[in-house]
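The letters A, B, C and D name the chains in turn, as written, and every chain counts its residues from 1.
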Amino acid sequence: MTRSLLFVTGTRADFGKLEPLAIAACDADHDVSFFVTGMHMLARYGLTKLEVQRVSGVPTHEFLNQRPGDPQDMILAKTVMGFSDFVKEHRPDLVIIHGDRVEALACALVCATNYIPCAHIEGGEVSGTIDEIYRHCNSKLAAHHFVSSEDAARRVKLLGEADSHIHVIGSPELDFHAGPSGVTIDKVKDRYAITADDFGICVFHPVTSEADTIGTQAKALFDALMQSGRYFVVIAPNNDPGSADIFAQIDQLPKDRFRVLPSMRFAHFSELMKNAAVMVGNSSAGVREAPFIGLPSLDIGTRQTNRAKASSVFFADAAEAEGIAQFLATQWGKKYPRDAAFGGGSAAERFVNALSQDAFWTAPMQKTFQETTD
Amino acid sequence: MTRSLLFVTGTRADFGKLEPLAIAACDADHDVSFFVTGMHMLARYGLTKLEVQRVSGVPTHEFLNQRPGDPQDMILAKTVMGFSDFVKEHRPDLVIIHGDRVEALACALVCATNYIPCAHIEGGEVSGTIDEIYRHCNSKLAAHHFVSSEDAARRVKLLGEADSHIHVIGSPELDFHAGPSGVTIDKVKDRYAITADDFGICVFHPVTSEADTIGTQAKALFDALMQSGRYFVVIAPNNDPGSADIFAQIDQLPKDRFRVLPSMRFAHFSELMKNAAVMVGNSSAGVREAPFIGLPSLDIGTRQTNRAKASSVFFADAAEAEGIAQFLATQWGKKYPRDAAFGGGSAAERFVNALSQDAFWTAPMQKTFQETTD
Amino acid sequence: MTRSLLFVTGTRADFGKLEPLAIAACDADHDVSFFVTGMHMLARYGLTKLEVQRVSGVPTHEFLNQRPGDPQDMILAKTVMGFSDFVKEHRPDLVIIHGDRVEALACALVCATNYIPCAHIEGGEVSGTIDEIYRHCNSKLAAHHFVSSEDAARRVKLLGEADSHIHVIGSPELDFHAGPSGVTIDKVKDRYAITADDFGICVFHPVTSEADTIGTQAKALFDALMQSGRYFVVIAPNNDPGSADIFAQIDQLPKDRFRVLPSMRFAHFSELMKNAAVMVGNSSAGVREAPFIGLPSLDIGTRQTNRAKASSVFFADAAEAEGIAQFLATQWGKKYPRDAAFGGGSAAERFVNALSQDAFWTAPMQKTFQETTD
Amino acid sequence: MTRSLLFVTGTRADFGKLEPLAIAACDADHDVSFFVTGMHMLARYGLTKLEVQRVSGVPTHEFLNQRPGDPQDMILAKTVMGFSDFVKEHRPDLVIIHGDRVEALACALVCATNYIPCAHIEGGEVSGTIDEIYRHCNSKLAAHHFVSSEDAARRVKLLGEADSHIHVIGSPELDFHAGPSGVTIDKVKDRYAITADDFGICVFHPVTSEADTIGTQAKALFDALMQSGRYFVVIAPNNDPGSADIFAQIDQLPKDRFRVLPSMRFAHFSELMKNAAVMVGNSSAGVREAPFIGLPSLDIGTRQTNRAKASSVFFADAAEAEGIAQFLATQWGKKYPRDAAFGGGSAAERFVNALSQDAFWTAPMQKTFQETTD
């Protein structure tokens, strides 16, 4: 039976995870659309709404929910108001949110107060940041859980959610890395004006609870990368508090050694990772996608604390110049075997299978707290 | 050390629980104030902000966050905006919220995004209503937990909260019932024009997920009370969706047999309970305070599902005329021994003790998910 | 010099006026886009945002600013917030608003507080409704005035606006009626399932200050049309307070005699008017476009009070069954000579000419009240 | 007949004008209350809500509508939402607003969309600032006009308002200056720690359209005052954009020569003016109250352009060091005869007289544009 599914996307990061699910749902004849908000709408972050618009057969509904400098709670309030009006007009059968950002939380709150079933992608993860609690709130507000690993499933269960509503599907963006990207590395380098063949990738996001030191951290990290003499593709940070301080450092990097990009299309980014020598920073791509691809990665600081276990992932604080240097010296260009702890590349298939069950659609909105005893 | 404590109150129900804590904190030389919002501000619900204003030595800050008919998410959004501006101006050291209402959730969200510690009163309870999930969200957003029972403590722990931040203090409103009310039953009857000596109490609130049947339920319940020939004091419902349908039934009750009150001062209500023959309805007072006082109570419908265990609490659906009749016939005027499962009347003392610990104030805002293994 | 022009449209009515201006500005090499909000976004009113999207070469930015039942001031507040974020991100050189609706007012307010020049289309008109004062507020907030007649120009001047900023261009929708519509009447009838060759048009909108009698008015009007035995194309009312009561009457009309349409594309509506026998109701099309086309029209009630002077316009209250009958009997199918009091069909040309003057762009934001002495 | 009158106050300035009207209305047995918002609620501006609370017999309703740094349109939107909920709950018979600030505009908009009569105090004035247009919008939105002079009355009439709704009552704050202040100058100096007997007063507010030069202007002005060797009482600026830059200059003034006060009680300020040697700055007190008292004043910059005609008022730009020096040298301590162009001190009496007419309360909400022909 055809259902109307509304995917909420606020960043290029969550879009990379939601896109394979949305396409698969569309192929399964569901009526799929995107609610596009957050960073997607801002020129400073690459105006990535254009990327969402490109998904064929999937209409987009755009909502500008912020201006630069808005506090998180104001963004939350505006998104609640806008999304509430939206679901009143469009009344989807299911809203799909992802992760731990304030846009996802706002939409989950609207779903709960309007009795619209909400599916949460990648609940149950621990991140060592303040945003982690928003992720767990999303789990409590959502009716359905699509998680990336058995560890995550266990935590969602601990939160009192019913086993029957928890689906381990793996990390959806790995679906994409599992197959060919559809673009050659030469095309990627050409399109994004990347001038080196031998390059690392660096993505360094703000940590909201460390907003006052993040500029210093960024400086230390980029200094260490400078020292290495290597060429890096740097992807701009997201718009969490502290991003301006990171941009201030990025703006000073020498252009011949650091190619700074506000964002990349996902297919191009996938191909870039497959051809990179190392990955450095604090993005989830570094601890989750890099191990799947077999790319050695250095995880910086606290943002991904407790989220990585693969042997190809190393750790350092931004201030540990020596540790960073050693990683770059010893791991540059190495290849590791695929790590499948976060799924084997079939998340979309499993997602659509779950939707095809009648029981999925008849679950009551009112949940009973399940006290686990194992 | 003196700290600035801000208590958030949205209803006469949560005020009954927060007031003893606020007074005790004030007596312990903290700088205490109330953020008064929600139903307190509306004439239809008794304009109970006046009751909050009466607490001596505790200033109030009022915020009208709704109009009749506002959807819950709009109330949430407006409260987030208003409270965010408020804490920006006043910056309390600790915000104390209670329970599962949307106002509490809004303020917990603002605290989390602004790194203001938040203490949650009566987390970990299960209620069988949609609002239960807001209670658990509040637990995830709050830094400190003051719970009413060991059962509740266990559930907050399951949610991943650290043992050291969970304090079992009992239900605070029992503090009040534990001592003399300070007013005689004659004064109470006089003030509120209650004309019978032998009376029951009825409080019937909407159940948000049953808004379309709640009018029918109310009709069935009040019909059954009519049949009994008894005299009842009826307290008006709160303003959740469905309240208009309950009011429609209440407005038709014969005035000589049903004394309808928009609200009562807490001391007067406590004395009224101590002198009542039975309590009927779906308020938490029925399943928690009545057993503490030893008053037999009949819990109607699903609103308090799983929340009561005392032997003086009986159950019926609104439509079970016979079950209601039997309860009224057999329990009217009976007395039970005190049930102390939800505290012995020292919640305020235990609350203030917790605040007096230095460790309470140095806890980091960033929490680590605690996986319980017992 | 290319400027970025942002046209604000909230209804099919203002879009019919803004579209020729936008197309002409686009043809003059300006960078033109639409901010689409209000009724355009709601299915109940024909989802006319699709019509705006069809304007070739002009991107649209959509903002859902309301839900059914929202009070006007809440719509105003949400539009202010959304448009404020929008202009912060996009910073247009000029914002063009139209008329007297709350969306136009919201955007004019945002322009004024952000020092963005704002051009107001069709200021200075008197309408006999409460909305008239929003129109005059828009004139006070706007930097530039494009008015439809010398009468309107005089009133804008009385309001204290400088002569040099007032441009008499005529009513822009007349531009459209002046040329061929580009579609045949057969195509129009086919597309909209209009089954009669000899038909009248009826458009009856709510009058906000008469919201409590508008249902009765609608009933009386439609009863009178019924009596005539004629066939009518009825266009659904806009979403002002009272629209539900009009819809309630419309829903009861016999389908073989009344063809009810939520909205029509403007080209098709123009062709329909050119082929209609009469026009009845209280739309501005009846008092302004109909005389330009030479179509006899009957203006009902107070909504267009003081706005019509042409000899082809007649007047009646909704309750005057006899007056309505007489109009239908005597005027059905008559043709009048073109009335050019509201422009000769060159509004767009005059608008673009004004924009081409350097002085237009260098006008100071701070205005001086001009006291007229004539 | 007793009516419920709600006065909206956002600053100590408008409160100084509204207070005598409110007290007189209260004495005439109306049911009077204040809606207190804007700067009154912010500690940085003296938390002057306390002053409003002191008016005996007049309850206050407080609404925090902003945080530091909020743009004007966001303040407008929040005030619209909050005031709309407020009037829905309290439904006053008449709302009284003053002047040209965004809070007054927000409340006038809410009144218009909710058909609540609104009286505007001091419409029809020209100020040479961007805010002037908000004043004229308020005139268009309001049903009744209480203006300070015949000039103002003429302009409100030009705006299309009906003569019968325009009442020339004079500037209400002159009522206060007309009588004894009720406090001695010694008490005033004592309370506010003013250490000189021979002092000038300086009040310098931001000009919103000159926000980027206002810091430089402030520096120039205070440098000139420094040069004079005189002692000045400096009242802190209001919170319009640019205030931070003025505060930055004020914070550097030597404390033995400049006594800086966040605000003063109005009675004390009146007494201070009566004993001052001169007044300098750009407040309306300088051009309106000073001439009434006979105090020589120097009006700086554009903020009061066109608003002053009295012979005791002199003009200079902030940068004109010489002009300022000359004023201080020649005018210090001079006394002028009372200037009564803005009223003779009976505004409150005239206001209450107007309210006592039945016709005042039966005026239709729907206004007809009055085209003046003189």
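The rule we apply is simple: contacts are C-beta pairs under 8 Å (C-beta built on N, C-alpha and C of every residue); 3 or more make two chains touch, one makes a residue touch a chain.
None of the values given here were measured: they were computed from a predicted structure.
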Contact steps required, at the very least, to link subunit B with subunit C come to 2
Farthest chain from subunit C by C-alpha centroid distance is chain B
Comparing A-C with A-B, the one with more C-beta contacts is A-B
For the copies subunit C and subunit D, the interface residues, called same if over half of the numbers are used by both and different if under half, are same
Dist(centroid_CA(subunit A), centroid_CA(subunit C)) in Å evaluates to 45
CA centroids of subunit A and subunit B: separation to the nearest Å works out as 39
Shared-interface residues of subunit A (touching two or more other chains) are 78, 81, 84
In the complex, the residues of subunit B that touch subunit A are 71-74, 76-78, 80-81, 84, 102, 105, 109-110, 112-115, 126, 128-130, 132-134, 136-137, 140-141, 154-155, 158-160, 209, 306, 365-369, 371-372
Counting only contacts in the complex, subunit C reaches subunit A at residues 41-43, 61-68, 78, 81-82, 84-86, 88-89
